[in-house]
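This is the structure, below, for whatever I ask next.
Chain nomenclature is as follows: A, B, C and D, assigned in order of appearance, with residue numbering initiated at 1 for each chain independently.
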Amino acid sequence: MPKNIEPVYYSDYLQLDALLDAQQPHSKKYGAEAHDEMLFIIVHQVYELWFKQVLHELRAIHREFHEPKLDDKALYLVSHRLQRVLKIQDLMNDQVAIIETMTPQEFLEFRDYLVPASGFQSIQFKELEIRLGLTRKTRIAFDQQSFYNRLNETDRAYLEHLEEQPTLFDRVDAWLARMPLLEWQDFKFWEMYQKAVNQALDADEKIIRDNVQDEAQLRQELEGIQRNRDTFAALFASESYELLREEGAVRLSQQAMLSALFITQYREEPAFNLAWQVINAFAELDEKLTIWRYKHAMMVQRMLGTKIGTGGSSGHDYLRRTTEQNRVFKDFFAMSTYLLPKSALPELPEHVRQALSFSLEMGQRT
Amino acid sequence: MPKNIEPVYYSDYLQLDALLDAQQPHSKKYGAEAHDEMLFIIVHQVYELWFKQVLHELRAIHREFHEPKLDDKALYLVSHRLQRVLKIQDLMNDQVAIIETMTPQEFLEFRDYLVPASGFQSIQFKELEIRLGLTRKTRIAFDQQSFYNRLNETDRAYLEHLEEQPTLFDRVDAWLARMPLLEWQDFKFWEMYQKAVNQALDADEKIIRDNVQDEAQLRQELEGIQRNRDTFAALFASESYELLREEGAVRLSQQAMLSALFITQYREEPAFNLAWQVINAFAELDEKLTIWRYKHAMMVQRMLGTKIGTGGSSGHDYLRRTTEQNRVFKDFFAMSTYLLPKSALPELPEHVRQALSFSLEMGQRT
Amino acid sequence: MPKNIEPVYYSDYLQLDALLDAQQPHSKKYGAEAHDEMLFIIVHQVYELWFKQVLHELRAIHREFHEPKLDDKALYLVSHRLQRVLKIQDLMNDQVAIIETMTPQEFLEFRDYLVPASGFQSIQFKELEIRLGLTRKTRIAFDQQSFYNRLNETDRAYLEHLEEQPTLFDRVDAWLARMPLLEWQDFKFWEMYQKAVNQALDADEKIIRDNVQDEAQLRQELEGIQRNRDTFAALFASESYELLREEGAVRLSQQAMLSALFITQYREEPAFNLAWQVINAFAELDEKLTIWRYKHAMMVQRMLGTKIGTGGSSGHDYLRRTTEQNRVFKDFFAMSTYLLPKSALPELPEHVRQALSFSLEMGQRT
Amino acid sequence: MPKNIEPVYYSDYLQLDALLDAQQPHSKKYGAEAHDEMLFIIVHQVYELWFKQVLHELRAIHREFHEPKLDDKALYLVSHRLQRVLKIQDLMNDQVAIIETMTPQEFLEFRDYLVPASGFQSIQFKELEIRLGLTRKTRIAFDQQSFYNRLNETDRAYLEHLEEQPTLFDRVDAWLARMPLLEWQDFKFWEMYQKAVNQALDADEKIIRDNVQDEAQLRQELEGIQRNRDTFAALFASESYELLREEGAVRLSQQAMLSALFITQYREEPAFNLAWQVINAFAELDEKLTIWRYKHAMMVQRMLGTKIGTGGSSGHDYLRRTTEQNRVFKDFFAMSTYLLPKSALPELPEHVRQALSFSLEMGQRT
């Protein structure tokens, strides 16, 4: 600790003079101040402060994934910070309830003074999306054109530059793809897994053939089995996997997907535990972002009905299109498509299990 | 208070013997008990207990709306109980986080033992939907066929009988439609309102014509004004309103819609305050139900990926179709389509204002 | 709507340049920036923004209570805005979870650079407390000396001036005390109520005397009845009531307390409904503030253990002393002390009931 | 998967017949059913279902800690299940809002019919407390006598038997105390730590002596340093530590406390990560239980004012006494008392660091 610490005063430290002077209702410029415009400003400012914090965490996480090696201490930090982001997202989702205390009429009192400003112009939110991996290509069509047109030169340039950087999605994909244990000495995860999948599906098929009498039902159930076989086949064969990827059905590279599957299935193994926490946190982050978009869209609909939003957007339409499509880590979210129950899961070979353990067992009674 | 009250013991009062004996994991019947099946059972049982409570409130509310007269004391009770329902819904929505602590693998350990049971078979939830007003006709196609096929005779008969009763939606519509002040002595709300709407739109049009130079933009903005004129025209003309209703764009009767609009616009009037709280609570109830369906569908997707649910449903598809369409009180939710800002709102005639007031002013300094 | 509205850009409107430039971690001045100081700053800034919003609402509410007459339209606004404050409080209470994502070690990385700043120096929070009615006299001893010493001249002067203004508590007390119906024509609420109380207690006593055999138990139960009689006696007799008030057992004036009781007991009466919502909202506001203090104190304890806080406070001690004592509207909160079950409640005389009704019944079937 | 799975029907699986028949309002026995008694019953039944689930998890955790060896796979499960318990606690804490929708008057309608039943008679909640480690000895005096008197023979016997079993606290203490690395080869954690603590305090003292001019302030600050020295001295010396333990200032054994400190300070080390999650989860579990008790006590106060609860308890008093004292894992909660900032923390010797790592580094770029 340095010797001379200047004494600090609460309001100076937090720069409250600047912070609490930054609420200037526009309604005042055109007549009497609309009481509720203050709420409108503050709610959006709070969102922007949280966005800043979330970006602060995501940038730090981004840097870790950029390191040539991501050891467990680093992974611990990544996981810890993602947990913080998730908590902030919970709060942001609940915050929608605050703006909903403003009735549509109260909003109408000052709404016309804000034209054409729009939440689409939040550079921090767009940075957040882009950084995660929601680039122009993956974004829904409406968003693609729309929001860039609304930005000033500087903002547009900033985001366009960002679009060219590797995203968190890219980094995470690369990290997973280079996981050392996917293929190690004589062990190949996918060979082992594929065999287990086939056994499970064969067993299911036998049960069906032995038990189902009704021909129509039999056909239907066997078709179900076949669909499952096809799904897994596409996972293991690089060419068909690439096809899925081009269609947009999956986004992770095949290697990364297999690693994620390996980690998810064997997440109790000590060496996989943190990695699994990270994968899971990204899936939750996406889910919470989706809920945020959804609640936000419903709030807009309630505020404006079927009218058009300040920035020309219709909440209703936006809703349908973004909540489903604007997901970055949907492969983690839908990982269960490929999961086997533990009873159908093969034991790992001893030398692999060893490699996933600590050299020293904790908590051993001596 | 009666003289002889039998002494009560906590666990007898709550019938804990029955309650806490009602969790019988099926996995135990086929091998070792899956640890997480207990959670699965309890989470669903808690939902069913809350459904029972919500139905207890909705039935009581239903009865009040069935009375020939719904005075303000009754309306107070309705509002009070709807607030309780909303709080329970908040809790039910948050409860999704509990089931999400079960990983997909943990679910796979006992999932096959539950076939073909499905949440679609929850009679209480269906009663809740039907009672609110989500009848076969208004339900999305998927639901129409689907869930009745899965029920046993008794359950199906119970719900089918219920489908023939007047719903809460019907009762609320009738209550609004008979509101005495919509047309009273020489006062006609819609005439007054229509005039105000026209003035507001004329003023908007003039501003546009005076200020917008660019011809393409001018055309676009004038089209916007015209769309607004059409929207309002349809509201005031019974024939075009009926058309909207047949298309499913609105569901309330025209009289009820106008009353709801009147109450919403003038909700600060003492006599409208409780009525507005009730309208608003129904809109929130619908919104929270939609969020419940949405979160539930996401949870199913996470648990099963793109596989098919225990009852044959695909969460993903269901999501798209029910969250938007299965709303009962969407007209209250989208009421802002027709709202005017207060500055554009005419003062009520004195004799109408009087009729909406208390005969005795509270809080008057004497 | 005025003719010429200047076009607005999102980041200008929200003054994001100032807002997002106001986070300057002090750790950077003495070495490497501590990653988590950003969170610490932003969490506190968000609190300050919410405090500003809460003050914005409370000041407006204060003004309404200052008006010579508080009619139902005004009361509606007061109630509406208090509901908003409650929602913001919920969010502020949940926000403690965000700062808890910072571990004590992470805090230690920059804690020494903040000495002697302290949350006690938040002028807005102190204004909030003072405005509500937590003046020096009613504040716990620790607070009395403590926080004024930590403030700079300007801040201290500002708060000291505020301490001399009438508080919201004062205004609410005056509003209740002047309620017209407490004594109206030949009707005196307290006479009617006192009689009902006596009847209820007499009946209870008779049941006890008739049924309880065991002498020790009988004595104990009769003592309970007597304590209840004393409690009510103190409520109705001005002198003994004043004694209670001097002891700090109650804070409302006797007239205000009786009005609050009247309103609470008969809150279904149309003319009482809004007043009751307001009373109830103040009780909840107090309760949520108490929970905020409590969670905050626990967070401090977790962060610092039994060490002393940056401002010299010990969370642990503060906890015990403030959560119970720093309540302003505790009389509303504990109103149930004086409530009777409805079955023991007398019907209001017809002319009083009429005075509490609307001149026009809503929702009547014609 | 076994061949023949019996088809399952939703309401049979959940035993809805029993579950939904277990709500029998007592008010009905003495007159008209009080509408709100249903809520009262269901709220308590839902709590009991959650208690059952929490016990299901805690018993499984208890078993893991009972095993001679607690490896990382087991620790993962413990951590995973504690996370679930925490989520359930969040929901239970929020559930207080539901019972608060019942007004005191509504409660008074049926309250007298429940005498002398009381929440103190919840055997499951008491089992939960006892299992965690809240035994008679550590429980506050009021609880010690009180609740056993209210139980029937069977229930009392069940809990008394439970009081004699080792608690989760005991198991966790033993697990920590036997941690292999606390003293390993030539490494002694406490020697290293004690040295670091002394250096940090010496440095602080020097800064104070060099900078503080005012004699009174100097004395005060040096006293602060001395108090810190004493606190740490008591931690390292077994005799003085035992004294603290007898006074109730700490509860963990010295070995366990040192291990917990070691793990907390170096929790980024791969081998410590899960152990730290477990320690932290127990601290949170305690905190959330405290918040539950607190909210519950406030709700009781609101419902009954200063009257006495159905079981003879005064919420107000109970509040003060249990929230602070009934904590089991308070040592984890207050661990920060002994923490050093990372900058003052010594690097671990290389062979210790190695022992805490995986044999194989994940995520290495090859």
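Assume contacts are C-beta pairs under 8 Å (C-beta built on N, C-alpha and C of every residue); 3 or more make two chains touch, one makes a residue touch a chain.
Chain by chain, the UniProt names read as follows: A, B, C, D = Tryptophan 2,3-dioxygenase.
Here the structure is a predicted model, which is why all the values come from computation and not from measurement.
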Chain D and chain B - chains in contact with each: A, C
Reference chain A; chain at largest CA-centroid distance: C
Between chain A and chain B, centroid-to-centroid distance (C-alpha), Å: 30
Chain centre separation in whole Å, for chain C relative to chain B (CA means): 32
Residue numbers of chain A (touch at least two other chains): 1, 343
Contact set on chain D toward chain A in their complex: 1, 3-4, 68-73, 75-77, 175, 178-181, 203-204, 207, 210-211, 267-275, 343, 354-366
Sites on chain C touched by chain D in the complex: 104-105, 108-109, 111, 224, 228, 231, 264-265, 283, 287, 290-291, 294-295, 298, 301-308, 319-320, 324, 333-343
Chain C-touching residues of chain A, taken from the complex the two chains share: 1-2, 5, 7-11, 13-16, 18-24, 26, 30-31, 35, 38-39, 41-42, 44-46, 48-50, 52-53, 56, 60, 80, 83-84, 87-88, 90-91, 94-95, 97-98, 101, 112-119, 121-124, 152, 155
